[in-house]
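Take a look at the structures below.
After this come two complexes, each holding subunit A, first together with subunit B and then together with subunit C.
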Partner chain A sequence: MTTDNSGDVRLSGISKTYGSFTAVHPLDLTVPQGSFFALLGASGCGKTTTLRMIAGLEEPTAGTVHLGDQDVTHLPPYKRPVNTVFQSYALFPHLDIFENVAFGLRRRGVKSVKKQVDEMLDLVQLGEQARKKPHQLSGGQQQRVAVARALINHPKVLLLDEPLGALDLKLRRQMQLELKRIQTEVGITFVHVTHDQEEAMTMADTVAVMNGGRVEQLGSPTDLYENPRTTFVANFLGSSNFIEAEVDSRSGEEIMLKAGGGKLSLPKARCSAPTTAGGKMLVGVRPEKISLTHADDAGEIPEGRNRITGKIANASFIGVSTQYVIDSAVCPEFAVYVQNVERDSRLVPGADVVLHWSPAHTFGLDAAQDIDAGIETVEEEAA
Partner chain B sequence: MAFVRWLKRHLVVIAGLLTLGYLLLPNVIVTVFSFNKPKGRFNYQWQRFSTDAWKDPCGVADMCGSLSISLQIAVWATIGATVLGTMIAFALVRYRFRARGAVSSLIFLPMAMPEVVMAASLLTLFLNMGAQLGFWTILIAHIMFCLSFVVTAVKARVMSMDPRLEQAAQDLYAGPVQTFLRVTLPIAAPGIAAGALLAFALSFDDFIITNFNAGSTVTFPMFVWGSAQRGTPVQINVIGTAMFALAVLFVLVSMAIGNRRNRQKA
Partner chain C sequence: MAAVTEVPPPLAPTAPEKAPRKRGRWTPYWLLLPGILWLVVFFALPLVYQASTSVQTGSLEDGYKVTWHFATYWDALSEYWPQFVRSVLYAAAATVLCLLLGYPLAYLIAFRAGRWRNLIMILVIAPFFTSFLIRTLAWKTILADGGPVVGTLNALHVLDITNWLGWTSGDRVLATPLAVVCGLTYNFLPFMILPLYTSLERIDGRLHEAAGDLYAKPFTTFRKVTFPLSTPGVVSGTLLTFIPAAGDYVNADLLGSTDTRMVGNVIQTQFLRVLDYPTAAALSFILMAAILIMVTFYIRRSGTEDLV
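Entry: the complex of A and B
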C-alpha cells in the first residue's frame, strides 16, 4: 500500500448560507482516499449542497475544501480533478453517447479519444449504443453513460448526486451492486449522496447521516444501525422502539432503569445520554432484536433479559417474518419482527405476551429530543 | 347510414384538410396567377397560360431594386434582432436583477401595440432627432419590432434548458467559453433559429412601419402597394411564388436532414 492521499477529501469548517437560510452548518469531514462514502439524509438536509461545494458548483460561505494536500476552495469546477454523476444524469441531449463520454477528454485536449471511449463504453456494457442519442436509451443505460462520462477522466474523487433516484426498485438494486463493483475495481474515492438508507448501507463503507444542515452521526453502516446516538438516526436507519425510562442506579458497566412497573438494564457503553440518577432517558431497541413469548410461558424466559409485558394489537405475516404491533404500558405501539422459524399458534391479536431481549441490544438516548424525528421524512421520500 | 358512419370516422381528417386548404388557398391563387397573361394592367382575371413573367422576373421597372432593399433589410434586421434578442433572453432567464420582471413585461409591449401607432411614434421620434429617413431608419425600426419575437422564442427554449447541463460541462473541464459554445448554444439553437426565421419573415413583409419611416426608399411591400393603385404586374406573383417555394424548400430540406440524422443514430 502506498501512502497516496491525493484522493482524500477534507472539508474544514465548511458552511453555506443563502440569505438568512443556512443550508449547511459549519462542517468538518474527512473522506479517506479510496473509500465509498455516503451522505445520507432527507431532502433539504444539506447533503447535495455539501456535494456541490466539493464539486465547485457552490461557493462555500466559510471554510475550506482540500483534495489531498491541494486547497481547491476557490477553484472553478472545470479546474478541479473531480467529476460528478448528476441527479437525472444531465447527459448532453445534442451529442451522442460516444461524444458525451468523450466530452471531458476532448476539453482537456486529449487527441485520440476513440480507444479510451470504446473501452469505457465496454466497461459499462454500452458498446453497441455509442451512436445513439441519450433520449434513445433507457433510464438504466443513461445512468451508466453518466457514470462512464465521469469515470473516463480518472478523477481523484467521483461525486454521485442521487444517481439511482430515477430508476425503478429492481434496477436500483442491480446498479447498487454495479457501482460498488466499479468502485472496488477503479479504487477511486466515491462520495455518494442519497436519501435511501438501504442504498447508503449496502454501498458505503462510511455513512454520514445529515439532518438540518448538520451531520448527526458518522460511522460504518453497522455502527450507525447498532449504536444510533440520536432518535433521528435510530428512526431514519431502519426503525426503532422507544421507551421513556428513568435512571434508577448505576453499577459498573451497567445502568438500571425504571420504566412503567418494570426494570430494564442497559450497558453503559451503549448510552449516549446523561445518566444522573432520577434523570429521564429514552431506551431504544430494534424490532428484530426482540423475542416474543406467550404470557403462559413467561417462566421459561432466561434470567437477565429485559422484559416488558403487553398484548398483541396486530400481526401481519410477510413471509420471512411476522410483524407484530404490541400494546404495552410503556409504549403504545411496540413493533416486533419475529422470524418464521417456529411459529407459536397462540400469538394472535389479543394474546397476552412478554417481550424480551438481551440488554446488549438496548441503546440509551437523551430524552430531550423528538421521539419521532426522522420518521415522517422517510415516508415522504418513499412516496 | 353508411355515409354517416364514414363521415364520423373521417371527420378529423376532413376538418384538417379543409383547414389546410383554407390556409394554402391564397398561395395557390398567387401561384396560378403568376402564369397568367392579363389583358390590361390588372392581374385579377384569368386570361390564358403564359410563362412570360417567369422568363423576365425583373421586367418591371424598380421592382427588383425594391426586392433587393427588402432582402438586405430583412437579413440585417434578422442578424441584429437575433443577436440582441438572444442576449436579452439569456439575461432574463439566467440572472436575477432589479426590474427584471418589469423588463420581461416591457419586452412584450411592442408585440401588443398597434403597429400603426408604433409607426407614427417612430416617425415622430426620427423627425425630432433630425434623422434622415431611409435604409437606416427602416433597419432600426425593424430590429426594434423583431426583437420581442426573438426574445419570446429564445426565452422559451432557454427556460426549458436544464441548468445542470452547463454544470455538467463545467464539471467535465469546459471553461465558460467552451461551455457556451459546446453546450449552451447548440441546445438553444432551435429556439434561436425559430426566432431568426420569424424575424426575417416579419421584416421582409412589413408594410405599415416601413411606409411611415422609409422616406424615399421603396421596399418590396411598398412597391406592391404602390403598383396596386395603378395596375399589378404579373411579376409580383412570380416573386411571391418564388418566396413561398423557397420557404417550403427550406422546411423540407431541414426536415430531411433531421430525419437522416435520426436514422443514422438509430
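Entry: the complex of A and C
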C-alpha cells in the first residue's frame, strides 16, 4: 500500500475556457496518493472547475488528467474511480438515507449491500437514521450522508466541493475535524475545494492557492502562511502589513532595505523579488509577529530587530489578544496583534510606540503588484 | 453569545396593537369569499340540482317530480355501459399516447432546449389561440379519406395492422376509433406537457451529476433519478389528460362515427335531443363517480399525494 500510486492525481497542462473567458489557465498539478489536498481561492478563481475536470463533469479544453497511471481525460464520470461530495450535497430526495448510500454499490452490481451500508452509516454515526429521507435530517447529518455515499465506493480519490459551505460556523469546525479523522482512517486521497482559508489550513497537508484561474502558490499551510510569495497569498491567508522599501545593500544572506527614514533587514531566502540595489520592494510582516514597546522603553529592545516608530491610532481588546492600529511614517494603518500576557497600561491610543520584530519573520515581495490583492475578495465572500 | 446584562423586555403595547390584529384575523375569509360564492353558485348548486334531476320521473309535457327513482341509474348503466367502457379505453389510450409523446418533449424543453426553451414552450401553447372546434375540424381534413395521411398509412401497410386490431376499418381513418384517439391525444397533449415540464424543470441538475458520479450510466440516471423525481408531473399530467378526455364528446362527434360514441355523446344527446333529463343527469353522476374512484385508486397506487 505504501508504494501504491494509483491514487495520485496528475493534471498536465489542463485548462478550461468558456468562449472568450478562461476559467483555468494551463495548470500542472500532482496530488500524491493519500494526501489531503486543498484548492483554496475566492469564488470564480477556477478551483471548482479544476475539481469538476478531475471528476469528469467538465471536459478540459486542453491537457490531460491522470489517476495513477490511467489517463481518464475522456472518460465519463461514471467510469472514473473518483467520487464527489457536492456542494449542498445533491442527495437524492426520493430515496432514504440507506438507499442514497447504497446507490453507487447497486450501480456497480454489488448484490448484498446491507452490511457495507450499515458499516458506513456507523462510521458517520447515522446508523439510526437509515430509513429517513434526506429532508428529515439536519444540515450536518446530510453532509455526513454525502460523505458516506461517496466513501462507500472506496474511490481512489474523494473530491469535496465546498462540502462545509452550508453549515454554520460551529458545525463547520466540528466537521473539519471529522473529515480529517475519516481521511486519516481510510487513507484515500482527498481533494478539497474551499474559499475558507482557515478550513484549508486546518485540514490540508498541501494547499494550492488559486487566483484568476492560476495557482498562485502551492505548499504546506505553514509554508504558505510564513513565506507567502505574492501579496494575494499574504492577504488571503491571514492578514499582512506591507511597507514599500528600497533595496540598499546586500551582504551575504541578508538584504538591507531603506524604508521611510529607517532600515530593515530581510533574509535573502525569504525574498521572492529582484534584489538589485535601488530597486523597489514590498516588505511584509504578519501582525502577530510584531512586538510593541512604549517609546520610553525603546532602549530595552534587543539589537538586530527591525524597528518602526509610530503612534497608536486605535486599540481593540478581543480577549486573547489586543489588536492595535499604528499610524507610522511607512504605513498609515499598521496592524499589530499583541497577546494579552502582560498588558502595558501605557499602550493606549495616542501613545508613541516602537514596533519591532525579528528579521526572520519578514518577507520580501515584488513591488509590481497590487498591495490589496486578495483583501476585497475575502470580504465579498463573507458578505 | 450570552448577554452580559439582562435587557429589560420592551413594554407590551396593549390597546394600539389589538385593533388591527382583529381585523387581520378576518382578512383571509374576506379574500376567500368571492371564490366560495362562485363555487356555490356555479358548482355546488348545479350539482345539487343535477342530483335531484337524476331521481325525478315524469315527462316533458307533465313536468318532472322528485320521486327518488334510483332505478334510472341502473337503467342508464345497463343500457349505456358500452359507451362507458369505450370512454375509459379511449381516454386511457389517449393518455398513454400523450405521455409517450409529451415526456420526451418536456424533457427536451427542461434540460436540452437552452435558448430555444421559450420558443418551444410557445409552440406547445400556441394551439390554444385557436378554438378547440376549429382545431378538431382541421383534423377532419388531415385524416380525410384519400388524403395524404391515409394514403401514406395505406402504402406502408399500417392500415392493415390497425384494421386487424379493429382501430380502423377498410381504407378509412376518419370515423374510426383511431381518429377519435388521435383527436383526444392532440387536444390534450399540452395538459400533459406543462405539468411534466414543471416537474422536470425543478429537478436539481446536480442530482444528475451526482448519479453519474456514483457510476450510473445516463439511462440508469434517468430510470433511477430523473423519472422517479418527475412522478408528480406524470401523475398530474395523466389526470389532467384522462379526466377531461373521458368526458369529452367533441372528438367522438367530429372524428368518429356511431360506433365510436363515448359517454359524453350519450349525455349530450339525452340532454339536448331526447330531452330525457333524469337519464342524462344519472349518466353524468355515474361518470363522475367512476372517474373519482379510478383517480383515487391511481393516486394511492402511485403514492404521490403532493401533486404539483
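Basically, the second predicted complex is superposed on the first by the 382 of 383 C-alpha atoms of A that agree within 3 Å, B and C clash if a C-alpha of one lies under 4 Å from a C-alpha of the other, contacts with A are read in each partner's own complex, and residues count from 1 in each chain.
What we mean here is this: contacts are C-beta pairs under 8 Å (C-beta built on N, C-alpha and C of every residue); 3 or more make two chains touch, one makes a residue touch a chain.
Just so we're clear, the structure is a prediction, and the values are computed from it rather than from any experiment.
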Room on subunit A for both subunit B and subunit C (clash or fit): clash
Subunit A residues touched - subunit C or subunit B, whichever exceeds: B
Which superposed partner A:Asn83 touches (first subunit B, second subunit C, both, neither): both
Partner chain in contact with A:Lys133 - subunit B first, subunit C second, else both or neither: first
Partner chain in contact with A:Arg107 - subunit B first, subunit C second, else both or neither: both
Partner chain(s) touched by A:His74 [first = subunit B, second = subunit C, both, neither]: neither
Contacts of A:His154 with subunit B and subunit C, given as first, second, both or neither: neither
Touching partner for A:Asp96 - first (subunit B), second (subunit C), both, neither: first
Interface residues of subunit A shared between complexes with subunit B and subunit C: 55-57, 76-78, 82-84, 86-88, 90-94, 103-104, 107-108, 149-150, 153
Residue numbers on subunit C that touch subunit A, as the complex places them: 204, 206-207, 209-217, 220, 224-225, 228-229
Complex contacts: residues of subunit A adjacent to subunit C: 55-57, 76-78, 82-84, 86-88, 90-94, 103-104, 107-108, 149-150, 153
Subunit B contact footprint on subunit A (complex, rising order): 55-57, 76-79, 82-84, 86-88, 90-94, 96, 103-104, 107-108, 131-133, 136, 149-150, 153
Contact footprint of subunit A on subunit B as seen in their complex: 162, 164-165, 167-175, 178-179, 182-183, 186-187, 264-266
